[in-house]
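See the structures that follow.
There are two complexes below, and they share chain A, which is joined by chain B in the first and by chain C in the second.
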Partner chain A sequence: MGRYVLKRIGYMFATLYVVITLTFLSMKLLPGTPFKNANRLSPVQLNQLKHFYGLDQPIPVQYVKYMWNFIHGDMGGSFQFGMQPVSQLLMAKFPVSLDLGFEAIIVGTLLGILLGIVAGLHRGKALDWGTMAVSIFGISIPSFIFAGILQYLFGVQVRWFPVAGWSGFASHVLPVISLAVYVLALVARFMRSEMVEVMSQDYIVTAEAKGLSTSAVVFKHAVRNALIPVITILGPLTAMIITGSLVVEEIFGIPGIGAQFVDSVVTNDYPMIMGTTELYAALFIITMLIVDILYGIIDPRIRLSEGGQS
Partner chain B sequence: MAMSNEELTKELFTPADISHAASEKLSSEVVSAWKDAFRRLFRNKGAMISLVILIIIIGMSIIGPMTSKYSADDQSLIRSNLPPKVTALSWLPFLNGKENGVDMYQERGVKQDFWFGTDTLGRDQWTRTWDGTRISLLIALIAALADMFIGVVYGGISGYFGGAIDNVMQRIVEIISGIPYLVWVILLILILQPGLLTITIAILATNWIAMSRIVRGEMLKFKNQEFVLASRTLGAGNGRIIFRHLIPNSLGMIIVNTMFSVPNAIFFEAFLSFIGLGIRDPQASLGSLLSSAYTVLQLHPYQTLYPGLVISLLLICFNILGDGLRDAFDPKLRR
Partner chain C sequence: MGNLLEIKNLNVQFDIFGAHVQAVRGVSFELNVGETLAIVGESGSGKSVTSKAIMGLIPNPPGKITSGEIFFDGSDLVKYSQKQMQKIRGKDISMIFQDPMTALNPTMKIGKQIMEGLIKHQNLSKNEAKTKAAELLKLVGIPNPDKRLDEYPHQFSGGMRQRVVIAIALACNPKILIADEPTTALDVTIQAQILDLMRDIQKKTGTAIILITHDLGVVANLAQRVAVMYGGKIVETGTLEEIFYNPKHPYTWGLLSSMPKLHAKTDKLLAIPGTPPDLSDPPKGCPFAPRCPHAMKVCVDHMPDYTKLSATQKTACWLLDERAPKVDPPATIGVGGE
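Presenting the complex of A and B:
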């Protein structure tokens, strides 16, 4: 197990290194300058600015410098916020996004597991059909449409919740729901098919045959085993939450990284874009690592059958 | 009671006539795997309804923009922000052209109807919505082609040849897929300018990964089976074995996966256009229509309605059809 984890961590750093290098290179290929009024500046002024920000040096030199600073926790200064350190800006906004993402994942996963169990136990009945219909809708309809519908119905029409903002419980409700719907749908779907699969296994028949009550069979034997594979969708879910948070933060005016990122792209704020991209990549890669390790711990067969290979 | 009185004698029985031809006859017609799959698909009500809705949407995206005399970027502030109106159906509250009880068409002196209303610049939402649908469908087609060509060929070669080739090709895939899709697409879009071409390249560059993995798995499953050995004994080359034997055998999986990657691609285009990284004005895309409609959501909610409805229907129908195809091609998975 130790070797396996070490190897995975090694892979993680390699991928991160590739991401950082790729982001750096693509930033260098970008058209346009990061300076707001570039066309009103004289060439001399432009050169001075470029010199000030170190953009006039050869690209390999810039690269080595960037990597060196990166290792020391310095991701450069944001062009649009008067050279405030990117790492500082990200750290200030990241907790908000993390908050939103976690709340959505927790709400969505819990409800999804519950719905999945109910649907799986009532296979082919009305409850099952209803859950699957909800799940198809949840998976299909984009989060920005849900966000819009919720905002209009509950924010504009009935005024139960604030239209935008991020302060206090009431303002969390709508954004969290609009993100959680997808999580709920995906988890419910997955959980249902796992439940159906598990319920037809021999050990469930054995458990029933030895006279256990239905609730004991379902909760002690079926649900526990059905939950294991659900961990694997945590990876894609994280990616989806990141994507979703970009639009949901924008729609509800939440001061998180997602909305910030969209602004950075529009203003050519290179260091900020690089920082956010790297943060997203790291988040995704670390989640994948955790999922793999968790899976190895919970189900030792995975580790053994793979023989340490990825 | 009655039975016990009567003896069962041998004379009561006559031997059935033995006809070899009859015993060889199949009670039902012979059905190939393909026919069977399509029969199952056609019996799936949800999938069939989705198919019909999709065909209607595709048809509308072709003829829709032609039925309006306004093109997607004909602007006029005289007719800005008009609610939808269909004179023949004006008894319906949402098609009477009234906003807050005032007939906006009378007030502005606009004679003709706008079935989906107009946007803040007075552009016909009907034309723009179907124009945007065209883009979504085009993206769907591109995604499907990327899957079919790049994904299948890459996975096929990697799985079939194995060894060092497979190793190198899989490491490349690992690096590509280790980085979130979103990051790839955004980096690509930053280097090139936002637009249809960029989205196309982004989809071509990243969409085939899942497919290549599935095809590789199928190749590994099939390549050591007897029919491949037989074909090789008869002198078939690698290309013939891959394209004539192995890929047709995994075609079911390929079709099903293509159907699932299509809604993802449609969503991604709409998403990118929504955050301003995709199709930009004056070109219309369902995503960009929605994003500009959201700015006036509180005042003119109908502008959000139709683009939102069309994209939701597209995605729901593709997903249900995908589910139906999966059940049809692989009944083992149906639970």
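Presenting the complex of A and C:
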């Protein structure tokens, strides 16, 4: 197991390196310059500015310089924010996005698993149809529609929760729900089909033949096995929710990193684009690693076949 | 010897895609204390469904017991609720399954899988159950039981897994052990070991066994009495000797003939031509009539009654009617070597 994790961490850095390189190159293909009103500047002024930011050097040189600084923990300064260090800017706003994302993932996953179990156990009955109908809505309606509806109903009409902002529990409820609906819907669908599949397995009959109660059969034998494939989708889903919370952040006026990312792309704030992408990439890669480790914990077959070498 | 289990006129039906498949049609038999009864028949004859009905494990829907009684210990299990059946299953009646590769939960240590039943039925503490589980593993011939309790099913071979399945079934000293094709999925050498083990265990524990199989070799090895099923009905029943040396039903003849023999003069395998009847529209008469080389007009229209041939053997066949022509069993049924 230890050796497996080490190997995976090695791959993680390789992946991150490829992501940084590709982002750097494609970013240089963006049209325009980082400078406002560039067409009103004289060529001399433009060259001075470019020289100041190191943009007059050939791209390979810029790339090597960037990588060198990056390895030494320097992600550069943001063009839009008077050369404030990118790492500082990211750390100021990222925790809010992370918070929102994880709350949505946890709420959505737990409720999704529960609904999936219920639907799977009542296959073909009203409860199943109802759950799956809700789930189709959840998957097909984008989160910003939910955000708007929730804001109107619970923020404007009945005034249970604040319409916008990010302070205190009440302000978390609506944005987290709008994001969690998709997670819930997707997880519920997966969990349902896995439950149906697992409940028809021979070892479930063995468990029943032991005289175990229905709840023992379901929770001790079926759920754990049904969770294995569900965990697989949790990795990409987590990354997607955390990076995709941008629109919801905008709607609820949440001071997250999403809006800043869009601004940095629009203004060609190169260090900021790089920094945000690196952060997202790292987050995605780490989530995948966690999912793989979780996989091993739940399924002993994976744990041992990988750990056998060490 | 008293009747441990008595099944009377059991009917099981499955409603699948609008059709009513009558998998078991009026099956009656009894099981005595400590004996081994084999139920033989080809796929789809209703033998597995009969065993599941005894366990109360017919999936409902689509299946249900439409009529009949299953008397165990003086009470009718058909009338039992799921809750009541949970107290019988694994304690008084337990089951060994066909495929050991899929019968164990892949994500649970086998020790825990054995202990579950013990904790539920015998109110043992975790530690007591663990000790008992180790004893059970030893009983079924698994070396290093204490260490192996903490292993997962994928760390066991097929034969070893079947031993674990047997250990689970034996955990609470059941009065009846239902073995549904216990050796079908195993290698021939392992088959012999598992059969030896089952015989050995029966000697030690005195449990009665219902052996469901299509393999007459297994039957000859283990059973004292045999019930031959075809088309959801028992067509012939008798002691092992009666069924092997004095069979009266043409289907039993066919089964015995199709057994490969060591000293056969031809290297051709004999088969019974045709396929079993469609039980969503069961035949009016004898279900075997369409495949029977001796079928008469009456066979197609009327199901024969049982003819009692001895205190233990009875056969449902029109050939045994006094008006029927005398038909001798084919020479091919001779039991190999004797």
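One rule holds for everything that comes next: the second predicted complex is superposed on the first by the 285 of 310 C-alpha atoms of A that agree within 3 Å, B and C clash if a C-alpha of one lies under 4 Å from a C-alpha of the other, contacts with A are read in each partner's own complex, and residues count from 1 in each chain.
Note that in this section a residue touches a chain if its C-beta (ideal position, glycine included) is under 8 Å from a C-beta of that chain, and two chains touch if they have at least 3 such contacts.
Since the model is a prediction, treat every value here as computed from it, not as a measurement.
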Given the touch rule stated above, what does A:I298 touch, chain B (first), chain C (second), both, or neither?
-> second
First (chain B), second (chain C), both or neither: which does A:V230 touch?
-> neither
Examine A:I141 and indicate which partner it touches, taking first as chain B and second as chain C; both and neither are also allowed.
-> first
Is A:T214 touching the first partner chain B, the second partner chain C, both, or neither of them?
-> second
First (chain B), second (chain C), both or neither touched by A:V205 | second
Based on the superposed arrangement, let me know which partner A:L121 touches: chain B (first), chain C (second), both, or neither?
-> neither
Using the superposition described at the top, determine whether chain B or chain C touches more residues of chain A.
-> B
Complex contact set, residues of chain A against chain C = 201-203, 205-214, 216, 220-221, 224-225, 228, 298-301, 304
Footprint of chain A on chain B - complex, ascending | 174-175, 178-183, 186-188, 190-191, 193, 263, 267, 270-271, 274-277, 290-291, 294, 297-298, 301, 304, 308, 311-312, 315-316, 318-320, 323, 335
Footprint of chain B on chain A - complex, ascending = 11, 15, 18-19, 22-23, 26-27, 29-31, 123, 136-137, 139-142, 144-145, 148-149, 151-152, 156, 163, 192-193, 196-197, 239, 242-243, 246-247, 250-251, 262, 265-266, 273, 277, 280-281, 284-285, 288, 310
Which residues of chain C touch chain A in the complex?
-> 55, 57, 82, 85-91, 94-95, 97, 99, 102-108, 113, 116-117, 120-121, 152, 154-155, 165, 168-169, 171
